[in-house]
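Labels run A, B, C and D following the written order; every chain starts at residue 1.
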Amino acid sequence: MKLYEYLGKELFKEYGIPVPRGQVVVSAKEAAEAAAGLGDVVIKSQVLSGKRGKAGGISFASNPEQAHEEAGRILQMKLNDLVVEKLLVEEKLQIEQELYLALTVDGSAKRPIVLASLDGGMDIEEVPEERMIKWPIDISIGMQDYTVREICRRLGVSGQLQKEFLSFMPKLYQLFRDLDAELAEINPLAVTPQGLVAADAKVTIDDDALYRHPTLPKIKEKTALELRAEELDLAYVELDGNIAIMANGAGITMATLDMVQHYGGQPANFLDFGGGADVERTSQALELLLGTNPKVLLINIFGGITRCDVVAEAFVKVRDSKGFDLPVSFRLVGTNETEGKAILEKAGIRVFSTMDDAVRRAVESARAS
Amino acid sequence: MKLYEYLGKELFKEYGIPVPRGQVVVSAKEAAEAAAGLGDVVIKSQVLSGKRGKAGGISFASNPEQAHEEAGRILQMKLNDLVVEKLLVEEKLQIEQELYLALTVDGSAKRPIVLASLDGGMDIEEVPEERMIKWPIDISIGMQDYTVREICRRLGVSGQLQKEFLSFMPKLYQLFRDLDAELAEINPLAVTPQGLVAADAKVTIDDDALYRHPTLPKIKEKTALELRAEELDLAYVELDGNIAIMANGAGITMATLDMVQHYGGQPANFLDFGGGADVERTSQALELLLGTNPKVLLINIFGGITRCDVVAEAFVKVRDSKGFDLPVSFRLVGTNETEGKAILEKAGIRVFSTMDDAVRRAVESARAS
Amino acid sequence: MAIYINKQTRVLVQGITGKQGSFHSGQMLEYGTGIVGGVSPGKGGQSVEGVPVFDTVFEAMEQQPAEASILFIPAPFARDAALEALDAGIKLLVLIPEHIPLHDAMDIMAYAKTKGAVVVGPNTFGLVSSGQSKIGIMPNKYFIPGPVGVVSRSGTLCYEIVGHLTASQTGTTTVVGLGGDRVVGLHFIDVLKQFEADPETKAIVLVGEIGGSAEEEAAEFIAREIKKPVIAYLAGKSAPPGKRMGHAGAIIERGKGTFDGKVKALTAAGVKVAALPAEIVQLIKEKI
Amino acid sequence: MAIYINKQTRVLVQGITGKQGSFHSGQMLEYGTGIVGGVSPGKGGQSVEGVPVFDTVFEAMEQQPAEASILFIPAPFARDAALEALDAGIKLLVLIPEHIPLHDAMDIMAYAKTKGAVVVGPNTFGLVSSGQSKIGIMPNKYFIPGPVGVVSRSGTLCYEIVGHLTASQTGTTTVVGLGGDRVVGLHFIDVLKQFEADPETKAIVLVGEIGGSAEEEAAEFIAREIKKPVIAYLAGKSAPPGKRMGHAGAIIERGKGTFDGKVKALTAAGVKVAALPAEIVQLIKEKI
């Protein structure tokens, strides 16, 4: 779950990480009031999108009137299709240098990793590899002073700035660990006459660990269907095609999409309903798919944990109660295959044994309809 | 540094470890007032000595009048030579069972170790080995739930009591680690209708880590001379004999004492003035020793980090300024031995090359004087 | 021979009294797995499918020493159970649960490293040395002995491919599911190294997917160290960028981990990449 | 031969620019120790006694790879410096400082274990393989090559005893100071095992003291594993119970760790216990 900048900065504050003075507002009037006490300000749209600056979602003002005007303008914008509902009005920092600092998870090393660069402020993908310091953290001892000194040495940072890092970085690491963050990024990390200040905050919390952080607000940037899928604990992604696809397992679901495309079809979605689903969850997944009005329904089940008879039963149940009649291409093998096939065939549904056959049939049906 | 029971319990409280309701008092009057709100109370002398109960330093009262009387009595006692200055007046717990729980450092395993027993309340040295569970903690992951479950299994504890331990023990471990404790002991750990309660608290903080805990009070249970030695960072222990001994290094100082006794002498003290001492510290150590009015002074220096010339110079300086004339037996070898010997011999002091010779001379001198 | 596990491997099942734990214990026993004990706190003294149940892993290890353990434990409690197994001396830990928090997974991996233990998963179907021992949840019938080693990031897709092999009478030495999470214990490289050293493995099938850099790292390693033929299949060719496709790994970001990039890297390392799962069979037959 | 260190051992000095660090670097170089670099944060680029100084251990290890490091760092900063050395790949760490907090020492030992590194100390004089390499602060002239291995809990007392040996022309293979703190890296057993395996060590001197159970554990180990003659000296015969005699270890509590108990245990294991330091020489001569 990505956090809005202002939420990230609230967390930073809690952990003693310096952030600019500022305030979250929802109207031009509030923006003007907030600006009154801050002198020159920066007004930042609070949306979960990078490159807000380039898109016009960040602006400056030297007085409340200007702040009012700019805030009003930004609040009417859409940034990458996202409505701007909140603004962060902050003091404009006296920035001497813009750095980059982040903590994230290095899947290869199975460890947290520090990313640090003297080239902050810009799009971080544009920073040349050799200007980006990457330093893994040994979780059994955490971030120690020597780690910070070593990163500073590699950055070429010493003296007062190194001292600041010695205080700054362990706090960011603590936040990263305590909050189950996938990413805690500061770009730019501003060097100011008052020391290091986090001029931005991009914090992403591990969805699987949200239960441990009940006080965090729930942030959604999904379509209604995707939200419904999330409620059902289904991995669902909307796509542009017309063949609705349902399979069990992320890999095989992707492979099914790939094969649909391979044979010239257009997937309408990605839906992995996972392993070991019962009749009810399977029904819910099916109902969700039917709600998207696809031309064809393609079901690809290789039962392992998932039992074929359960899927078959659920399918027949949904079909009988909803009475839909779109073409269905059903592949069913694996655990309790015989029982599952029997149920479907009794209900007059043809069952394919290979993915290939089922996908080809689905693509043909989509073309025909 | 050992903490008084009431200080230990204050720390327990901070960490969410249940302790009896109660209050520290310094007079019988205060004791009566404290007892007023608590019903049946226990009145416990706050001295750093075990076996307070057997020595009469713990008493009970059912009303403020009794509390007044008992408190007055205990405040006039001396327990193992320690004056009772404070009392802890606490609610009397409804104890169903008395357990034992401690965290300490296992030098062999180089780890923290949990000690736990169902036989609490008594002198813990009397608990049979097989009734005491010892479970080392892997510091890289700390105390986990499974550790507690395993200890409970070994104790034969399950159900509600195990649940209580699952909450209780990690808190004690956290305190032990956070506070640099050498020992955090609860004996008895009371099982009451309200759950586990720490009926006593024995917490010892690592002296070498006190600088990290500036808010802890300084607790002293030493003689004036020992305190003075501590100020000077000297390892000093008073003994009963008449040969004052000064050496560099704990092992060799002990060996010097042993040799004195071996040849029939009586050491007046143990004084290890450590390695690498400068003229000033050496002088201070000497002055401290002379203040004890010994019959003979025995100095045993094997210079490594310690430089012989520095010790010699300091000795001559102190002798010349104080003008003492007790017999001195001086052994001096090692780093800058030649320079040191020259200084002493110029000042008319005989220098021995072996410990054996020096010790024998010291014992003879003590006998003669 | 086989890698990681064999007929002799003694296995514990943590969470054996749960629905999944008991069902799959039965399946594993049927396959021939040497399950010697189960662990379920509070359930010690019971038995499941004839397997004795203990309250703690330490107790199980005292009574029924084992080398491996498989976890059927809800994600929030998986970290504690995994650390317990490692602390008690388990050297091969198979983590079935999905949704284990990322930081918990890092904790487990860090501790496993200090203990010199191998972790498979989390979010894996486990591993099987065909005809000998299965520590996982894959359907028994597809795993018959043969000369092909298989390593996969995804589960059902792996069954699909092994199913094709089995249908053509091509069996497997060991099949390893790495697990779909961002932090997992074994990577392609670890398993490839084992297959290279295993005399019975004649060819290797690598089942990858978009996202992350595991396939690219594998390609580099194969070019350098692997002499045996490697065939790959990659899922996610059709996935649009920036969308998360189920697995934490299966997301294309920042121009890295794309399908094309992975195919290119593997091809350059001499690996044949199949366009469809079924093609694997033919490609393997050409090599052995 | 010798144990732990020899002529080839490459050594870093952490805290080399301090008073003690620079003085003892000079002494060690004089003895022949292979010091290849020093570390002092903020002092990188300087040189001490001709040894290049680096800002961090990682930098030193890049420029001047080493196996061992010795710390002259004030106690409050020793933990950080020790962890740095271990993280950077140092395999033998000698901790000179005294007053390192007990929990810091436990942290260091736990991390060393995960890294497979040996820690000597803290609160030790270090170790010396006579005539080859000295990583410590002991006076050079007493350490001449010979057939006796010495292991000691205390420093100056060890010099005293080695001084007697040297005076009688009996040299040493390696002399190891375990350190006087409650938590130290090496125990008697570890060093005895090494001496037993070292062909040049013909006899072993063990210098112990009251408090703790290290001597009792050593006695048990000697009875079981050590074939070479072992001579012991123990300090603290005259110490009254309950008083702390300098070292954290040198305190008699709860009836454990007494002088008599230790002598009994060692004697039962076939170890001759000398009554006076000087007797060691005669006892050794009888054995070699």
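Everything below uses one rule, namely that a residue touches a chain if its C-beta (ideal position, glycine included) is under 8 Å from a C-beta of that chain, and two chains touch if they have at least 3 such contacts.
None of these values were measured; they are calculated from a predicted model.
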Contact-richer chain pair [B-D vs A-D]: B-D
Chain separated most widely from chain D, comparing mean CA positions: A
Between chain B and chain D, centroid-to-centroid distance (C-alpha), Å: 26
Chain C and chain D: spacing of chain centres that average the CA atoms, whole Å: 46
Centre-to-centre distance between chain B and chain A (centres being mean Cα positions), rounded to whole Å: 56
Per-residue multi-chain contacts in chain B, two or more chains: 138, 140-141
Of all residues in chain D, the ones touching two or more other chains: 107, 110-111, 114
Interfacial residue positions of chain C with respect to chain A in the complex: 20, 75-76, 98-107, 109-111, 114, 125, 137-139, 152-160, 163, 180, 182-185, 187, 207, 209-210, 212-214, 217, 233, 235-240, 243-247, 249-250, 254-255, 275-278
Touching residues (chain side chain D, partner chain C) in the complex: 113-114
In the complex, chain D residues that touch chain A: 41-42, 44, 55-59, 80-81, 83-84, 87, 107, 110-111, 114
Touch list for chain B against partner chain C, complex: 138, 140-141, 144-146, 149-150, 153, 158
Chain B residues within the chain D interface of the complex: 105, 107-108, 110-112, 125, 138-140, 177, 180, 182, 206, 208-209, 211-212, 235, 237, 239, 247-255, 257-262, 267, 270, 272, 274-276, 302-305, 333-335, 354-356
